[in-house]
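Both of the next two complexes hold chain A, though its partner changes from chain B to chain C.
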Partner chain A sequence: MAELQADFAVTAAADAAAPARRLWRRLEPTALGAGGIVGLLLVWQFLPDLVPMKAGTKLFFTVPSDIAGTLWRMFATGSIWAPLGVSAGAFAIGLGLAILAGLPLGILLGRSNVLNAMFDPFITAFNATPRLVFLPLLLLWFGLGLWSKVAIVFLGALFPLLINTYEGVRNADKLLINVVRSFGAGEWDIARLVVVPNALPFIIVGLRLAIGRAVLGVVVAEFFGAQDGLGVVMVRAASEFKVDVVFAGLIVFAVLSLVMTGLVKLIEDRMSRWRPQQVSGD
Partner chain B sequence: MTEQTVIQPRLMGRYRNVVLGALAVVLFFAAWQAIFLVVPFNPLFISKPSLIAAGFVDLVASGELFDDLAVSAVPFFLGLGAAVVVGVPLGIVMGWRVRIGYALDPLMTIFYASPLVALAPLLVIFFGVGLPGKTIIVFSLAVFPFIFNACAGVRAVDRRLIDVVRSLGGGEWDLYRKVLLPSVLPFVVAGARIAIGRALIGVLVGEFFAASEGIGFAISRFGDLFAIDKMFACILTVMVIAVVLTEGIRFAERSAFPWRRGQ
Partner chain C sequence: MAAYIQARNVNLTFRPPNRAPVRALGNFDIDVAEGEFVSIVGPSGCGKSTFLNILLGLIKPDSGDILMHGKKLSGPGTDRAMVFQDFGLLPWRTVEHNIELGLELKKVPAAKRRAIAARLSALVGLAGFEHHYPHELSGGMKQRVGLARALATDPDVLLMDEPFAALDAQTRDLMQVELLRVWREAKKTVLFVTHQIDEAIYLSDRVMVMSKRPGRAKKTFAIDLPRPREYEMRVTPQFNELKLEIWNTLKDEIVV
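Here is the complex of A and B:
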């Protein structure tokens, strides 16, 4: 508020040409950004008119207006809800399990040097490997359907949560821990009073990364090992050359992922308003 | 006397973590092997380390493993190489020309945040299941970390270096060559670490789909054949390769850019 008022004061004092320039300065990033997106959409839309295409290529080509129409129809007829619900279910269960497992394990490893040293090779190995490589194995174990999807989502989301929780716990102020301990607190109190509150911003960043991985997990798992879900709809559409449906599905997944990471970002901003920026994400 | 007592625990401390880690890995495989003595698992669904090792030796001896790895390596490196060649200059331009950055940043963020793997079925149908399809999937996944990291690298360049080059009469091209590119390098290497993971996903997705060769195809085919030991052998091979690649880059980062330690 104070900033805004100061802004007004400065603009009022400046000459007549300055406010417009100032306004443009402030709007420029947004305007150019929107321009970039609109520009791409326009080029894409009119590409078939500008470039002569063979009939075979046309079969694979779609324009934004078709995609928007398909998206609209999917929501208007409600045909999207059933597959989307299936995908969302796998996503939610997998992510929930990853949170339930990742946070306690991260705290434990952050507090114990021995356990950390013992788990480190496994965490490094699993984190470096794309979890997708386990998909055929998980399909064998859990079969086609919900639980193989849940498993791949879980594996994808677990490590960002675990590693960030660990980093947050490691980052806890030793002085605070010693103070609490010298007042007679046990390991549980230390975790509750110092370690977890301190690690929260890190955990939130981990959650943001985990959401992206989880969406990826759902998509990929449904491509290869499922009978229903939005990913299945997309693969079928691709094999029937309904390119607009594939893009519509991609947009739905992307919007879901953006909305959820945006929500988490909101929580993050709210919670870390009082602390200097020091959270790392990778 | 006192020195020794100080040094000894420190040495212990240095190697303790490695020893504990190695111990845990050995224990893990031993427990895996031993549990079959107690619980009669269905050998169709789970294998044990001794059988996996035998399967691995089998695959190596017949040359299958290396053939598959060689097939997968080509699109991996081609796609990754193309991602560097396209992504780094684009990122540098986006970071250096502020208005181009404004125009492209939201667009690239949308691409980066959306699960682009979802376009894989389309790319496979359009470009085929062979080398071109896989390379394009790898490229489209791996290019964004390079763009964003190169862009961040330019934005972190020391302004004084730019001013010095300019006041000594350097032009735009000199800036790119002498200041921007070198200072962007550490960021690009950090981006490569992320890109490698995404490129591996690209190769696997491409090969799970409908390929007829490659390590991803081998894994899913052994799964279909219930050849669990060979499947595990391939999975473990991919894990080892992934660890070697990412840790190798971490090592390169530490030794080539020691001033950036801890980033």
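Here is the complex of A and C:
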């Protein structure tokens, strides 16, 4: 009898602790990730105190607190907005054009064997070539301003979008296409009702890749040719050994990429409400 | 009555790439009168679904003539609708929007579509599930969505490919009664594929037995049971005689 009661007591205690444990299980990945970053930043911050450095080395070194201060100043004085605007503009226009061209083209190629056979060699060849080798040509054609950047962003973002859309369209369920056809759907309705919804997961993957390529395009164009933009600020700072400014630029680029990827995730979640959710087995 | 659907010498061979060709239909014939209820039974793989897909306008036969209402069949049309063997529901659409699919393509206004979908989901016993997605339904429920979707456009001809196969026996019995009611009231022509001889006899004016692949019409039985059909009919001697006859015709075609 006594043993039984003891058992009950243990169970009751466990029940009381259960909500806390559940909460921890939900927060654990975030907490561990944040902890890792904080730890790394701390080590970095105190590295100069821990490891003896020569004066020359110190010139190329900076600590998180300096970077944070520089970032703060750039925003407080507003000096960041002009170059950031230039970079963001090239990014947005280039990516936008890539989406406007890549999605319809991917759908057309996926649905038409003739068009696909015609364009496939170009796409394969283009995709196998690193797009950045076109930079000198693009700079020559479009000058050092906005449009050479837009062009390189466009080229970088177009192919992941095009190829993923194409794959998604190819993957469309034949039965479902037949179903909507039997109800009188034409090519446009088939694309709207079956092909595009079916290809959405592929398109989202393409969009995510395209964002990465677009950021890369902006950065590289600004490192090697352009006269304006956040990348140009970084290159100038590097040549003047302002390592904290270089890091500040890097962080802004990283945060921008993260925000964009987060937006895509939001769209994805909204679009995939119809999919079976994983059953949580608590 | 003149034949409403008339198929003569229909041949179709599937030629999948990198695989041996499959001759699905060989000189298949059928006549269906307007307003008639005809069932097709036959061994698995004998070309039943293939023939329904041809009538639906999704597959072109290699040879043969198919007339509907005296006109040569050309492509899909809103005068026909199919209840698909594999349901064919759009997974990203709710029950309601799946039922509305054909109406949407016919450009029926949204309010009217909604009303029709509500009436039909009640008819097939899915009231309360209008906003569920297909993955949230059982097999039998999915099949009933497919039935409601086919009824929604009010087609003259209903092509039904094992439409009750995924239903439990009791729901199946109820759906059979409902189908007969819809058929009688709306004066539709029905072509009904099933593996259940009982079901075929109970529902039909005529039952066609198909040969094994390549499928052709082996023999057609007229079902002279009075209408409206009662459930009790299934235990009458006349019913059982028909059942035995059909079974004897069918069993030689079944290869295991």
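By definition in this document, the second predicted complex is superposed on the first by the 248 of 282 C-alpha atoms of A that agree within 3 Å, B and C clash if a C-alpha of one lies under 4 Å from a C-alpha of the other, contacts with A are read in each partner's own complex, and residues count from 1 in each chain.
The rule is short, and it goes like this: contacts are C-beta pairs under 8 Å (C-beta built on N, C-alpha and C of every residue); 3 or more make two chains touch, one makes a residue touch a chain.
No experiment lies behind these values; they were computed from the predicted model shown.
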Comparison of chain B and chain C by chain A residues contacted: B
Partner chain in contact with A:P197 - chain B first, chain C second, else both or neither: second
Partner chain in contact with A:V219 - chain B first, chain C second, else both or neither: first
Common interface residues of chain A - those touching chain B in one complex and chain C in the other: none
Contacting residues of chain C [partner chain A, same complex]: 53, 56-58, 76-78, 80-82, 84, 86, 88, 90-94, 101-102, 105-106, 133, 135, 153
For the chain A and chain C complex, residues of the former touching the latter: 175-176, 178-185, 189, 193-194, 197, 274-276
Touch list for chain B against partner chain A, complex: 16-17, 20-25, 28, 45, 99, 102-107, 110, 113-122, 124-126, 194, 197, 200-201, 204-205, 208-209, 216, 219-220, 222-224, 226, 228, 231-232, 235, 238-239, 242-243, 245-247
Complex interface listing, chain A residues touching chain B: 28-29, 32-37, 39-40, 60, 113-114, 116-122, 124-126, 128-130, 132-137, 139-141, 212, 215-216, 219-220, 223-224, 231, 234-235, 238-239, 241, 243, 246, 249-251, 253-254, 257-258, 261, 282
